[in-house]
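Each chain gets a letter, A, B, C, D and E, in the order it is written, and its residues are counted from 1.
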Amino acid sequence: MGSFDFDVIARSLGYLFREGMVFTLTLTALAAVGGIVFGTLLAMMRLSSFKWLSLAATGYVNLMRSIPLLLVIFWFYFLVPYIGAWLTGAARPIHVGAFASSVITFTMFEAAYYSEIMRAGIQSIPRGQVWAGYALGLNYWQTMGTVVLPQAFRNMIPILLTQTIILFQDTSLVYVLSITDFLGAASKVAQRDSRLVEMYLFAALVYFIVSFGLSLLVKRLQQKIAIVR
Amino acid sequence: SPTLKKIKDSGTVTIGHRDSSLPFSYYDDKQQVVGYAIDICMHVVDAIKAELKMPNLKVAFNPVTSATRIPLIANGTIDLECGSTTNNVARQQQVGFTNTYFVTANRYVAKKSSNIKSLADLKGKTVVSTAGTTNIKWLTEENAKANMGMSILTAKDHAEAFLMVETGRAVAFFMDDILLYGLVANSKAPGDFMVGSEAYSVEPYGAMMPRDDAGFRKVVDGATAKLYTSPAMAALYDKWFNKPVPPKGIALMVPMSPQLKRVLANPTSSGDPAVYQ
Amino acid sequence: MAMIELKDVSKWYGSFQVLNGCTTSVEKGEVIVVCGPSGSGKSTLIKVVNALEPFQKGTIHVDGISVSDPKTDLPKLRSRVGMVFQHFELFPHLTITENLTLGQIKVLKRSEEEAKTRGLKYLDRVGLIEQKDKFPGQLSGGQQQRVAIARALSMDPICMLFDEPTSALDPEMINEVLDVMVGLAKEGMTMMVVTHEMGFARKVANRVIFMDRGQIVEDASKDDFFGKPRSERAQQFLAKILHN
Amino acid sequence: MKYNWNWGILWQTSIDGQNTWIMMLIHGLGWTLFAALCAGVIALLLGSVIGVVRTTDHKWLVRLGNAYVELFRNIPLLVQLFLWFFVIPELLPKAFGSAIKQMPPPWGSFVPAVIGLGLFTAARVAEQVRAGIQSLPRGQRMAGTALGLTQAQTYRHVLLPMAFRIIMPPLTSETMNLIKNTSVALTIGLVELTAAARSMQEFTFQVFEAFTAATVIYIIVNLVVVNLLRWLEKSVAVPGFIGPAAVGGGGH
Amino acid sequence: MAMIELKDVSKWYGSFQVLNGCTTSVEKGEVIVVCGPSGSGKSTLIKVVNALEPFQKGTIHVDGISVSDPKTDLPKLRSRVGMVFQHFELFPHLTITENLTLGQIKVLKRSEEEAKTRGLKYLDRVGLIEQKDKFPGQLSGGQQQRVAIARALSMDPICMLFDEPTSALDPEMINEVLDVMVGLAKEGMTMMVVTHEMGFARKVANRVIFMDRGQIVEDASKDDFFGKPRSERAQQFLAKILHN
């Protein structure tokens, strides 16, 4: 390899961050919020006493968890237009942009993982807390909303955030769709200019700094918000 | 024609493009989609505008990869794929191809220092090609047929395959020669590499479109045939193959081959290699 | 009309019978102590009264309303019955004041202000008014249990259920909780108390119920129970628990 | 959809002229499982050592363990594999580096893939092992020590047997992740299941058949593996012991 | 020579002082009960004696051997001191027999057979010989604690330390454990017991140590302690814990 040509990074810095990183971060944020909301619903379904609800949620979660993300991305990319058409009643597959498609894909995929975390979180709340809520006269939704979920969520914040860091790294796989996320941008420049090694080293560094920075933040937060027991 | 109707209803024609198939279809340094195939497709778009009498028809670009191009044509996301896709009979089971706009050949690139003069010198050596290409298919078959004993590596994309030669993991990289010229020209030391003189197979490139849509095919074939046989074609070829191209301003300096001259003069969308010999 | 009335209540977990034909009643103003060996079904008995657990046979009426009737508004019924748990079960993510007002606001639809006034009145009653802005985790066990009692009281319950309210406490703190409970009993609150604190039973109980293997084996006045328990099992139990 | 379904393609001869496409996929599955197995062994051994080290009170060892975990879990696997394949051999002494590069296929991609996957997964196993040990009551370690057991004996006979039982469920999902993650190795040229499916679709253009077949195979493999591990979990379960519900970290 | 001797022992967790100049000694055959409010350092005191926690000031000698001397073979020393914990800390993945033999085999290097014979002897002594092939999770709390005592005994300890051995038990089971401990005391075992069971202290203790905020506030003979505790803190404590 001999000489590295790091000039290629300087030349494409604007593109890498203004297009790539912005896309990656937006996708991560949207998919995390959507995934946690949908995941919490899935977790509640799994724990509900309606058998078919819990079976449906379990099936969904297990399916998502047994297919490689690469294949999931692929399937959603092609099927979302049809699902959209089916939902809206349109005659033709609706046109879904790459961005919308990846937000949907990651929301649906990560929801399976977030739901496992939220399920553990809900189950970690002592049964007595639920009883205490009911004993005060709260109904199911009130007990969930004011007693169980706030605690479950707070207990799980570190793990939810850790999962979000994984999501942040996973979004790099959208490059298979030739979408310009950070890694996609880096690999496009790298391929066009034949500077793969330099670009990948740089990408590794950037991912490490962002992920590690976030995980430090998680630790800080963990100490701050832990509920005194 | 369903495709024309769809374009008409949505007011948009969607073109699928590659992100780094230099000089056919790629992003320049301003992140605009450019290339030889793109220019040709823009002529097709003009023809569609005329056909539909929609001068304000919008053009949308949608990046594709080798894995996504077929399903995206099939589910109607893209109407026309303008890249470096080889036209062959097997692929025509799924999609249609327009008139061929380039004819390339399968060759290898190797380091000059490795002293490879012919295919025979590669006996027992490690070679590489890109996953899912017609080139690796030929290489696999040839290796078995001629009992060459080569170890064949599979790379994810052209740039990685070339990197394997650059770093000494493989001695030679088999690919469409036109892509090899581009890779060599863009490398850190273009002088270190040589492209073999022997050509092993012909690879006609054409734009992909939905299969069995005669109305649409008529418009597209008509537009390309008209362009290929017009004097503008020589200038278009020159622009991409003999003059400096973005992003780095390097000229490939590849004169038009006799086969291509013949094909452009008599446009064809055949998938039969014999037609191009 | 009895405040709490159980008739032939039976309950199964799967094939395991936890309650076996339990019949008893608690009159207004009565204090009943429930005791018995571990696993005998005491907690379950308390929970079915409050409809926190379903049961399969028999009837339970609280203030004349059937607990198992599908038409009964259970949240409303439960809001009228105060309940205190072994592990306090304060909501750790809410301050003491918020713990006291949550049920009043959400269930009784009181204004935040009114709920606060009432909650703090009871907090003062259990001697913890200075702790009102702390979180449960910042209080000792005995203090938490007193807050839990205040929380139940601030819903203006018609009766109170206690499930081993002192058994998770350090020995030093047991009395501060028992004192509050003795006070309540003396004021005439109807109470059903699962406890092993026989000192408490001696002091304020009207009747003692002894359970074994899901059955009410003994249901006697305090004096009868401590004087001459009829069943052998209850005698053994008392011997074990009172010795040393 | 304008798509020409042709399931028969699975039974047609593939490019190598001998096997059918379905055999190619199964061949790919073989590499998937073999790579997952090798990487799994590395991950389990190394991850256990690092996880244990992080629960001792040797300050600098703990730091070293933490550094390892942070480094390997904060870079996308895709990028790590690339670095193992293209960059590391260049940084080694020349002779050694070229020896690695000259390995015949598929070993040339298999070895870096296994190393990369193994080290990446080791970081995640280390996290689980640490969490497992720390979820045990502190008294367990004290009880071992109070009996006169040395630190090593306490780990061997008291802490690890329980810790591993407790982390069986998260390790099961790590195993599933590992099997799926081998698909990322296609980017450095390992023709495992996903790569075989991609190659099939690129040669035949029967995209949906190829990916459906791969998806179904993955689901079956996961069902088998999960049930095997559940069975293992049950067969080592301690009678009468209801462990603290170990909270599974996420991950893929 | 005293069996256990503490001289001016102090210990800090960071800047928080848990033990503050503790001096006391336990003679061979003596039974010492340690009591005091929660958080006063009782458990810590027990743990430093067995070198389970380091301390920063003072000296501790067990059977004449310094605990803090870096040359001391701590595992060996610990193997000679039996220890019983509040939460039993049996090894849940091992059968009862394996729990009893692990230390003997690994530390004392006894043969498996010998270890088993001895272990089962003590298991019989605590009345649980039929349970030998069960796992800890299959026993009740009282049974588990008796196994824990048998495990400690089977190492032939020269003295035994107990840290609140009954406070995690159901009221019914407390006595089955205390009975075993009373038996040990009567046989002349040297014992240091953290407990709130004043009945036990009255029955067998030679001396009672009362701790508060890391200090040994009172170190008196049983009769002196129960008769007229000198410090006000100890009086309050006794009043709280003995009332009701």
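Operating definition for what follows: a contact is a pair of C-beta atoms (placed from the backbone, for glycine too) under 8 Å apart; a residue touches a chain by one contact, two chains touch by 3 or more.
Treat the numbers as computed from the prediction; the structure is a model and nothing was measured.
Undergrad: I need the common contact partners of subunit A and subunit E, sorted by label.
TA: C, D
Undergrad: Enumerate, in label order, the chains that touch subunit B and subunit D alike.
TA: Both subunit B and subunit D are touched by A, going by the contact rule given at the top.
Undergrad: Taking each chain's centre as the mean of its C-alpha atoms, which one ends up farthest from the centre of subunit E?
TA: In terms of C-alpha centroids, the chain at the greatest distance from subunit E is B.
Undergrad: Tally the contacting C-beta pairs at the A-D interface and at the D-E interface, and name the larger one.
TA: A-D
Undergrad: What chain is the most remote from subunit C, judged by the mean position of CA atoms in each chain?
TA: Chain B.
Undergrad: So the centre of each chain is just the mean of its C-alpha atoms; given that, what is the distance between subunit A and subunit C in Å?
TA: The separation of the two C-alpha centroids amounts to 45 Å.
Undergrad: Could you put a whole-Å number on the gap between the CA centroids of subunit A and subunit B?
TA: From the centre of subunit A to the centre of subunit B is 36 Å.
Undergrad: Cα centroid separation between subunit C and subunit D, in whole Å?
TA: 52
Undergrad: Distance-wise, how many Å sit between the C-alpha centres of subunit B and subunit C, to the nearest whole number?
TA: The separation of the two C-alpha centroids amounts to 80 Å.
Undergrad: Show the residues in subunit E shared as contacts by 2 or more other chains, in ascending order.
TA: In subunit E, no residue touches two or more other chains.
Undergrad: Pull out every residue in subunit A that's touching 2 or more other chains.
TA: As it turns out, subunit A has residues touching two or more other chains at 1, 74, 82, 93, 196-197.
Undergrad: Hey, what residues on subunit D touch two or more of the other chains?
TA: Residues 1, 86, 90.
Undergrad: Every touching chain pair, please?
TA: In this structure, the chains touch in these pairs: A-B, A-C, A-D, B-D, C-E, D-E.
Undergrad: Which of the residues in subunit D come into contact with subunit E in the complex?
TA: Residues of subunit D touching subunit E: 137, 139-140, 142-150, 153, 157-158, 161-162, 165, 238-242.
Undergrad: Write out the stretch or stretches of subunit C touching subunit E in their complex.
TA: Touching subunit E: residues 37-38, 140, 167, 170-172, 174-175, 178, 196-197, 199-200, 203, 237, 240-241, 243-244 of subunit C.
Undergrad: For the complex, give me every residue of subunit A touching subunit C.
TA: 126, 128-129, 131-139, 142, 146-147, 150-151, 154, 227-229
Undergrad: Which subunit C residues qualify as touching subunit A in the complex?
TA: Residues in contact with subunit A: 47, 50, 52, 75-83, 85-87, 89-93, 102-103, 106-108, 135-138, 151-152, 155.
Undergrad: Which positions of subunit B touch subunit D when the two form their complex?
TA: Counting only subunit B, the residues touching subunit D are 66-67, 70-71, 73-76, 90-91, 93-95, 126, 131-133, 136-137, 140-141, 144, 151-156, 160, 163, 167-169, 210-213.
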